[in-house]
Structures are given as C-alpha cells and as structure tokens.
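Some structures are shown below for you to check.
Two complexes, one shared chain (chain A), two partners (chain B, chain C).
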Partner chain A sequence: MGLFIVKRLLWIFPVMLGIAILIFTIMYICPGDPAAAILGIGATQIQIDQKRAELGLNQPYIVQLLQYLKQVFLELDLGTSYFYRTPVIDGLMSRMHYTLILALTCMALQILIGTPLGIMAATHRNGLADRFCMIVALAGVSIPGFWFALMMVVFFSVKLGWLPTYGVGGIQYYIMPCIANSFAGIATQARQTRSSMLEVIHSDYISTALAKGLSDREILFKHALPNALIPIITVVGNGMGMMLGGAVVVENVFSIPGIGNYMMSAINSRDYPIVLGGVLVLGIVFSLIMLMVDIIYAFVDPRIRARYEGKKRGKLESA
Partner chain B sequence: MKKKIAISLVLALMALACLGGCAAKPSEPAQASQNQAAPAQTVEPAAPAETKVVVGLASDPQSIGPFQGMSAGRIGILYTVYEFLVSTEGGEMHGVLMKDYEKIDDLTYNCEIYDIIYDQAGNHVTAADVEYSYQMGMQSGNLPKLGSIASVSAISDYVIQFKFNELSIGDLGALWMECPIVTKAAYEASADQMATDPISTTAFKCTEFVSGSKMVFTNTKNYWQTDASKIRNTSKANVDVIEFDIITDSSQLTNALKSGAIHVTNWLSDIDVQDFNGAAGFAVSPLPDNTSYLLLYNCDEQQGVFASNLKFRQAIAYAIDNQQIIDGALNGNGNTAKTWGNTNYSDFLPDWLNQDYYEADIDKAKQLLAESGVTDLSLRLMIASGDTTTKMATIIQAQLAQIGVTVSISNFDAQLYNQYKNQPDPWDLMIDQGGSTSYLVNVWKLTWNNKAYVHGGTQNFVQDEKLQSLLEEALTTDNHNDASMDAFHQYLKEMCYGMAIAQPMTNIAHSQIISKIVVDARGQVTPGACSYAF
Partner chain C sequence: MPHNKSDAFLSVQGLAVEYSSSGEVIHAVNGVSFDLKKGGTLGLVGETGAGKTTIAKAIIGILPRPPANVSAGEIFMNGRDLLKVDNAQMRKVRGKEISMIFQDPMTALNPIMRVGEQIAEAIFRHEQVTKKQAEDKGKEMLEMVGISTERYREFPHQFSGGMKQRVVIAMALACNPSLILADEPTTALDVTIQAQVLDMIRSLKNKYGTSMLMITHDLGVVAEICDDVAVVYAGEIVESGSKEQIFTSPKHPYTVGLFKSLPDINSDMERLNPIDGLPPDPSNLPAGCSFGPRCPNFSPKCQDHIKLKDAGNGHFYRCW
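Here is the complex of A and B:
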C-alpha cells in the first residue's frame, strides 16, 4: 500500500508537467496581450512592444516554454504576477483558504445531504420520498449555479435582509455560496447513491440477509451501503473537482477572494503567471484528492485492498 | 399524510426562494455601511459613530502600487490612495502638492511644491521625492504619458524642473496629474512596492487590503494641508472611512446597493439605474460624462473597405440614427454628438450645436451607397463587450440593414478589443469610447494623431497629411483657438473618417446618506469629497 502511495505521488510530477505544457500552450495561443493590459488605454504600440520585451513575451514559444518549465520544476518558482508584482505562490496561498473552505464545505454538504437523499430514494423506490428526492436532484442538475445564487441573493439578502449579499467574514457569508456551489453536487450524489443502492438491494446476499431475519437497519448499513460505496466515493472525488471548478463562478458572484476569483481576474487581464500557477496548484490539489479516493477504495473494498497486496500474497502462496 | 404536507411545504419554500425574489424592489438601505445580515441592537448611547461610506467597484484595481498602469478598477480608487502635483476641476488645473509653477521656456517648467507636505509615515516630502516618483514612473514603463518628459530634476528643496520633449495644450496638467507622488523612504521601505499597503500623502491610509475583495481607507485626521481653501476635491476627507468593495458581477452590484451593503457605485447600467429612481432611501444623480461613443471606419489602404471611398463612409453615417441609439442603448440618458467628442469641454464651440452633423437620412444614405460603387455590403462591427455597446451594435446592425448593409457584430473582451483595434484585419467598423480630462482637442489627439501609432496612420489607419497638420495646429498652445478647432472639426466632418454617436450621462445611483455626489476629472466618484447626511 505504501509503495502504491509513493508511486501515485511520483506520478503527480509528469501529470503536472503535462498540465503546465498544455496550459502554457493554450495561454500562448489565446489572443490578448498582457503588455497592452498593463499599460492600459493610451499606450502606443512602441511602448507596448517595449513592455513585451521587458516581460520576455517577444521570445519564441519554445524559449518561453522552456524558461517557464525550468522556473517551475527546477527552481520551484511559479513566477511573479505581472500586475501585483508579488510572487504568484504568495497570492495563491493567501487565497487558498477561502477556496478550500468553500470547496470542503460544499463537499461535506454533498456527502451529508446527497447520500441520505439517495438512500432514502432507493429504500422508498417509487414512493413519495423517492419522487421528492429525484425532483430535488433534477432541479439540482438542471438549474445553473450562478442563476440559483442570484435568486438566493435577491430573496434572502435584498428582500429579507437575512444574509450578506457578498464578501467574506463570518459563517453567514458562506451560506449562500455553499448552497449554490453544492446544489448540483448534492443532486449528482443523490442520483448516484440511489442507483448504486438499488443495484445492491436486489443482490442475492441482501435476499439472504432478509431471509436470515436481519433488521432493515442492519441490512442497509452493514450489507448494502458498504457494497454500494465504490461508485459513491468516485462521485465524491469527481465532485471535489467540480467544487473547485465551480468556485470560479461562485467566488465571482459573491466576491469571495479565493483562487477562482484570483484566476478569473488574471484571465481578464492576461496575467499569465497567475493563471498558470493557479491551474498547477489546483491540479496538485485535485491529484491529491484522487489519490485519497483511491486509498479510500482500498479501505472500503477488500477486493481492491487485496489487489494492492497481491504481490506479497503471491509470494506466500508460491512458498 | 404528514410526509406529504412536509414535502409540499419544502417544495413551496424552494419555489418561493427561486421565484419570489424576481420582482424585488430596492429596500431601504442601511444607514451604516454593513454587509452584516442582522443589524446590531444598541442599548446604551454610544460615542459619535465613525462615518463610513462603501463604494462598489465592478473592476479589480489589482495592485494599488503607485506606478501601475491605468485600468478601469484603478481609476475608481486613484485619488483616495494617492495625491498628485495637480488635479483638474471643470477643465482647469489646480495645484494639490504643487504650490506654483513657472514657465522657463516652451518646453521647460519649474514646479514648486508646498514645504509642509508629509506622508502617512511622517516622511517630509521634498522635490527629491517628486523627482524620484517621476523617475520611478518613467522607469516602470507603465505610465505611457510620461514618455513626453525629457528630464525631471530637483533644483532646490521644493522646486522641480521638468523638461519636455513636446508639449501640447493640456499636456502640462495631464503630465502633472499622471504620476502619484510618494517619498523615496516609504517606497523603498515597502516590501511589495506599495502594492497592498501604500504610504501616500492623502488623508486616507489603507488599513485593510483583501486582494480581489475590498480595500479600506481610514481618515488619519492628520492631513498635511490645513488651509481648507487650498484643499481640492480630490484631497477632501468628509468621511472617516472609505471602503471599496469589488463586485465584478453586475447583477450583484445592483443587489448590493439595494440591500444597503454598498452606498454608491457609478458602474450600474442605465437600465439598472432606473430601479433606484424614486425608490425610498435612494437617489440618482445625473452628471455629465466626459466621454463619447465613437464610430470609426477602417481606412487601411490594403484591408480597409472604407479607404478612398468617402461616399461609402458618408452612406453609413447618414444611415445611423443617433437618437435611436440614445433611446435604445442609453435608455435616453445622453445627447446626440455634434463633433468628435462631447460638448462639456471648454474648447467646444457652441456654433457646432446648430450645425448639421450627419443627421439620419435613409434616402440620402441609399443614394450615397449606390454612388459609392461598393458591391460587397457585408461589414464587421467590432465592440468591447458590455451591455451598452452590445445594444448600440445591435441597433446599428438594424439601421444599416435598412440600406442593405449586413453587419456582423464581433464582441471582444476589453483586453482583446484594445489589441485588435490597432490591427486592420479584424474589423471594418468599430465602436470606441473616448474622453479627456482637459480639452476636446485631446480627445481628437487620442484617435487622429498619426504620430502615436507605429503604422503611421491614425487609430483607424487614415493617412491624411492635412488632417494631421490641422490637428497639430489645434494642439499647439499658441494656436489653440476657435479658428484652429473649427478648421479641424469641419475637415474631419467633411472627410467622415469617423463619427461620434452619442455623449452619455453618468447616472450615479446612491443611498440617501450621500447628499451630494462629487466626481473627479475622469467621472469617478470621489468619496472623500461627497457630502453626507449620516
């Protein structure tokens, strides 16, 4: 297991290298000139060209790419923001906690609401509870997050004055952003849980457990849920990616100064170092989350655990 | 049954949450600035409360360091953060840090600053600091206007000598209003080049900076200028705390004002502003805008369809009904243009108001189009994305369709738009917006000065020596008069290289705690100078 974790951690480096090359290339190809953005309206072409030279943007693509890769992977430096004039890593770290609070809270909501909803829907198949859960799930996957966010603001903030419109501060500032960002995740989680549970509930071993006279609770939590968990955990892992991506939209709507907001502003002003650094950091976070998901698989499912330990057991068996 | 009732209640609540708010009207704004949900209840009489105003910005200024390039977000906070040698009010230049100035020759000026200036860290500001600030500004390359300065040097403790490469009318004020003044000691002591914690000479010190979210400035009550008669609007401090909140989503900006989370913003669209007109607790202050919406024809010899075809340019001009655009895109908040720029400048000639300026005439447009000999009637109209410009483009598209011209709209974000407007291939027509803090001739200079562009033409690639010479004549300090202004105006109108569409009004919606709105030369709210009724 330890070897597996080390291997997966080492894999993060080539993945990051691939991401860096891809994003750098996309940013290079994308139209827009950081030098013009820095100088603002009124700058002449001569002044823009001078600024491009100063930033190294007049170099050929391959030179710029190699310089960037050397800087990131050999010097472990994400560069300096064109606009803020501060190291990108400092900017990202100072904003990371806002994004993580948002994403982790949304993740918790997705698990704590979506999973019970799915179980309830599966155990009450075709009943009222099932229909209610599926209506909520349908609404969740259908309603765009930004629209839902704005409707909540209009109702709870402008009309009722219960919640702040935007910004950061106490827990009340996160209520609407978290609901808006997690609604789709809750819906997906509920649908996946329902589907997995329904598949398991109709298995032979559940019929056997019923025949043995076990209580519904025992069957549900000891036999059905553990066997339905693998696809549910997969959705949770993917959901974290969605939460991090969705944070870009929600952070902008609610003016939360997280990484999403930072990157969005950087994209608009063509502050390439921030965009590249932001994508790399989010890529690392997501890779680590997917590693955790894989490890959880092993703890949840003995068959997967056995596969990780297969080499060792094979030696014992041959002896 | 209980389950059914519970489910029905939840569904009803969800429906209410989603739909109930759609028809929201502005509620009474909070008196004190707050994002807090529940107002705090005070039991005992408190000491006089700190007065605070919250200003909504739709664009992030990013760094607030002194030598950064100008951006939409930066101009909204500029005068709260820094002071300059001068400021302009009503088109006239007034000293801020500058006490007086002396003309040595046509290109050399001595500028004397007050000897009582101290920054927020207690550093005494001398001529050496002014020289340092200008040198840093020029070295940064981020303040393009400073390219006109040949040298700047402190010649005594409080006198700085400026030598210029060239100087047109209005340039002196513009150059002395371009570079923020900071002390060398404070700038060098700053770990991040003052990007998040500037030390300036204003009455307001930055006390909180949350990157991308908000900036809070607190009145130090220790402003260096004690003679109230010499404090310009840009330096006034009528409030204890100014908070700038960055709200990039336009709907949220409206919601924030309605909920009382912010007190003022000048970033609302003309449509959204109407929500506050007559609403309890709010007011809308209409103020003249120094910018105009402008339409340019691509006159590039190789790629411009309008080059050497005056009748085609005129046909387009006469097909466009400016009043329709004002009614449709500006919600009626504006006036038709009468020259390349608006009427608010001191060098605008009142006679032009009574003269014809491409008044809409479809029959004439059709006739000119037929005479132009153009066969390909497809045009690309480039705009910078935004509610107003998109509406304008859509209206122009419909108007030109009336004479048989098909227009496709190319909508780009601001950065891309600024890049493409210097290239002849991505557009045939372009809607631009321009203004100046001094004279109308400087609005003309932005577009029509072929010395400012590497391609050697005007912004829209016109190569016309007569146009350039007329512009240079009007720009010269000695020759800037009614005759030179009229000569350029008439020639540009005759050649129709471009036309002004409309001059908008800035309608600033605000809470009634602000009894009088004051704006700076760029039309931005100056919160320190506004009057309050807390």
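Here is the complex of A and C:
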C-alpha cells in the first residue's frame, strides 16, 4: 500500500506537466494582450511593445513555454502577478481557505444528503419516496448552478432579506453558495447511489444473505451498501472536481474572495501567471483527492487492495 | 399426488407462483405438489426455466415481491404452513431450519466480506452465542468442508470456484438445518470438482440426517444422490416416483425424452437425441398438457386438462 501511494504521488508530476503545457498553450492562443491590459487604454504602441519585452511576451511560443516550465518545475516558482506585482503563490495561499471551505462543505453536503436520498429511492423503488427523490435529482442535474444561485439571491436576499447577497463573514454567508454549488452534486450522488443500490440488491449474495435469515437492516447496511459504495466513491471523487470548478463560478456570483474569484479577474486582465498558477494548484488538490479516493477504494474493496499490494493470496491478514 | 401430511416432513400442495412484469403475467409454477420424507432426498429435475428455483425460493420465502406472487398453495414443514408464517418468524426459519445452497458460488458470496464472517454471521444470528463463539463455530464449519481455518479471514476472490461452493455449503449447514434446498449446487463447477462437492453434500447430509431438495437438470446427479424424483416441466410436475421407478420405467413422454437424450457411452452413436422444440412460453401456456406441442404421441385429447395417473407404489405421471 505504501509503495502504491508513493507511486501515485510521483505520478502527480507528469500530470502537472501536462496541465501546465495545456493551459499555457490555451492562454497563449487566447486573444488579448496582458501588456495592453496593464497599461490601460491610453498607452501608445511603443509603451506596449516595451512592456511586452519586459514581460518576455515578445519571445516565440516555445521559448516562453520552456521558460515557464523551467521556472515552475525546476525553480518551484509560480511567478509574479503582472498586475499586482506580488508572488502568485502568496495570492493563491491567502485565498485558498475560502475555496476549500466552500468545496469541502459542498462535498459533505453531497455525501450526507445525496447518499441517503439514493438509498431511500432504491429501497422504495417506484414508490412515492423514489419519485420524489428522482424529481429532485433531475432538477439538480438540469439546473445550472449560477442560475440557481441568482434565483436564491432574488428570493432569500432581495425579497425576504434573510441572507446576505455577497461577501464573506459568518456561516450565513456560506449557505447560498454551498447550496448552489452542491445541488448538482447531491443530485448526481442520489442517482448514482440509487442505481448502484438497485444493481446490488438484485445480486446473488443478497439472496444468500436473505436465505441466512438476516433482517432487512442487516442486509442493507452489511451487505448491500458496502458493495454499492464502490461506484459511489467514484462519483464522490469526480464531484470534488466539479465542486472546485463550480467554486470558481459561485465565488464570482457571491463575491467570495477565493481562488476562483482571483483566477476569474486574472483571466479578464490576462494575468497569465495567476491563471496558470491557480489551475496548477487546483490540479494538485484534485490529484490528491483522487489519490484519497483510490485509497478509500482499497479500504472498501479487498479485491482492489490485493491488486495494489500485488501479493499472492493468503497474505492479506495484515491489511 | 395423494399424500399423508403426518408422514411427510415437507409437503408442498398445489403451489402456484406468478411473476407479473409490465402487465404480463408469467406462470412460473402451476399447482406443484410433492412430499419429502424426513432425511430423504427429492430430486427436482427439469430444464432451465421450468420453475425449479422458484419452487425453492417459495419454500424458503425469498421470492422477490413484487414481481413474484404466490397465488395458491400450501407449504407444510413439520405440519406448519410456511406461507402463513409472518416475515419476522420466517426470518428465524431461514438459515436455521431451512437453508439454501445456490447455483453459482462465484456470485453467491459477498465479495467484500471475509468468508469466515459470512459463515459466522448466520450462526450469530440464530444461535445464542457470542461473536467469539460464532467465529469458533465458523472455523469448525470451514474445517468440516475441508478448508483450513487459516483461511477464515480471507476474501472470496482468494478462493477457487469449488472452494467457494464449499464455503456456501458450510454456510448452509452452519446452524444444522433440518431441510436443505440445493439449487443446482454443482452446475457451475468443473466435472472433477462436481463429484467432490456431491460426495461432501451426501456425507454431511447423512451425518446430520438432513432432508434435502436437490434441484438439478443433471440426471447423473439424481442417480448419485436422490431417493425420489419429481420431473418438472413448465412449472408442473409431470412425473414423480422413486429413483428406481423413474429410471427403469419412465412413463411420461417428457421423462422418456430426457433419458433418450442422454448419450450412451456403449452405443456407437453419432448424434445426440434431443427433444424437438422448446419449452412453452410461461406467459402463454398451451391448453391441457404443456408438453403437448413437443410430444411425439400428441393427440387431440391432450388439449384437455390431464390428471395425475397412478402407476402403483407411489409412481405418478401426468399423461393418458
């Protein structure tokens, strides 16, 4: 298991390299000029050219790319913001906790609400509870998060005045952003839980458990759910990716000063180092989460554990 | 089939089970009656889809409802009608008084639970024991089916098919049931392993005096292990009697056809002799004899309802 984790951690580097090349290229192709953005509308072409030379933007694509990769992967430096003139890493780290709070809360909501909804739907298949859960889930996957966020603002803040419309502070500031960002995740989680529970409920070992005289509760929690968890865990991992991505949108709607907000304004002002640095940091976070998902897999499913350990049968006692 | 309730340990009377799916009703079991003597073994023989497994699941009460529904019949075990027992009481019967060995050991075990725990679970459920005692008893059961106790904490994927079936058997026997429903226990196994598993089932059954319903489509298994045989066709028993009666003088054309289709190692035969045609669609059974459309002796009177005929000494068949 230890070896597996080390291997997976090492794999993060090539993944990061791929992300860096991809994002750098996309930003390079994108129209817009950072130099012009920094200098403002009044700048002359000469000033702009000077600025471009200063930022190294007049170099050919391949030289710029290699320079950036060297700076990030060899010097472990994400660079300095064109606009703020502060190190990108500081800007990201000072905003990180807002994004993480948002994403992790949403994650928790997805698991704690979506899973029971799915179980309820599966155990009451075609009943009222099932119909209700599936309608909520359908709404969840269909409604775009940003639109839902705006509608909540209109209703709860503007009409009722219950919740603040934007900013950060106490827990009340996080209620709407979290609901908006986790609704789709809850829905996906409920649907996946339902279908994977239904599949498991019809498998032979559930008949075996029934034939042993176990109660419905025991069958559900000892036999059905642990097996159904395996595909559910995948959804949780992917969900985390969606939450991080969704945070970028939701932070902007609610003006939460997290990484998403930071990156969004950087995209508008063509502040390449921030965009690239933000994506890389989120990429590392996501890779670590996927690693955790794989470790949880191994914890749940002994077959996967055996594969990770690469041992012959009969050597699993210590696992 | 005439019967005497007091003398039979298990007596199934007029059992009918239907499955309904999207408005269509599938008549899986249509008025099946049979008796099983204490300590005896009855073979339920028939093709895939004849309703054998449904009969077993109805007895142990694990038919999925919906879509399945027991529309008629009684199942007496020791004089008690199991179909009238409520679910909570029935849970105490399952695994304790009646247990079931499933067809496919590959899927019958929970893949993410240690095999020992799966055995101990049934023991802990039914006997007044601590977890530790249940574990000890579980280990004992493993040894009884010839698996080392060291493997108690292993997972199903670490076992071969034959060993998994032994685990399933250990699980079924763990609480010393008085009735075992063996649903094609050797079908999914290699021929060499089949013999081993059958031997083990027989010796354990004899050791504990357990009664057994052996569901199979393999006449070889019947010859090996059963006392009595009931031949099932399209959810109906078409012939029943002692093994000797059925094997030496089959009366029903379907039974005759089954024996004819067996290859004979002594004859110089080039092709098998199958029964022509296919079993009828259970959602649309023919009137009268359901074997009629495939029967070589078909005559118009076969379209009427056919009663069981007595061939003497407990040998019955459903034909003219």
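Rule of thumb we're sticking to: the second predicted complex is superposed on the first by the 310 of 319 C-alpha atoms of A that agree within 3 Å, B and C clash if a C-alpha of one lies under 4 Å from a C-alpha of the other, contacts with A are read in each partner's own complex, and residues count from 1 in each chain.
The working rule: a contact is a pair of C-beta atoms (placed from the backbone, for glycine too) under 8 Å apart; a residue touches a chain by one contact, two chains touch by 3 or more.
Given the structure is predicted, the values throughout are model-derived calculations rather than measurements.
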Partner chain in contact with A:F132 - chain B first, chain C second, else both or neither: first
Residue contacts with chain A in the superposition, chain B compared against chain C: B
Which superposed partner A:H223 touches (first chain B, second chain C, both, neither): second
Touching partner for A:G2 - first (chain B), second (chain C), both, neither: neither
Partner chain(s) touched by A:G213 [first = chain B, second = chain C, both, neither]: second
First (chain B), second (chain C), both or neither touched by A:S203: second
First, second, both or neither for A:V300, with chain B first and chain C second: second
Footprint overlap on chain A, comparing chain B with chain C: none
Interface residues, chain A side, partner chain C - complex: 202-205, 207-215, 218, 222-223, 226-227, 300-303, 306, 313-314, 316-317
Chain A - residues contacting chain B, complex: 31-33, 36-47, 49-51, 54, 81, 83-86, 91, 94-95, 128-129, 132, 135, 139, 143, 148, 150-159, 161-169, 172-173, 252-257, 261-262, 264-265, 268-271
Touching residues on chain B, where the partner in the complex is chain A: 3-4, 7, 10-11, 14, 16-22, 24, 26-27, 35-38, 60, 62-63, 65, 68-71, 141-142, 144-145, 147, 192-193, 195-196, 210-214, 245-249, 251-252, 255-256, 258-259, 261, 413-416, 418-420, 422, 446, 452-455
Complex contacts: residues of chain C adjacent to chain A: 57, 60, 62, 64, 91-96, 99-100, 102, 104, 107-113, 118, 121-122, 125-126, 150-151, 153-155, 157-158, 168, 171
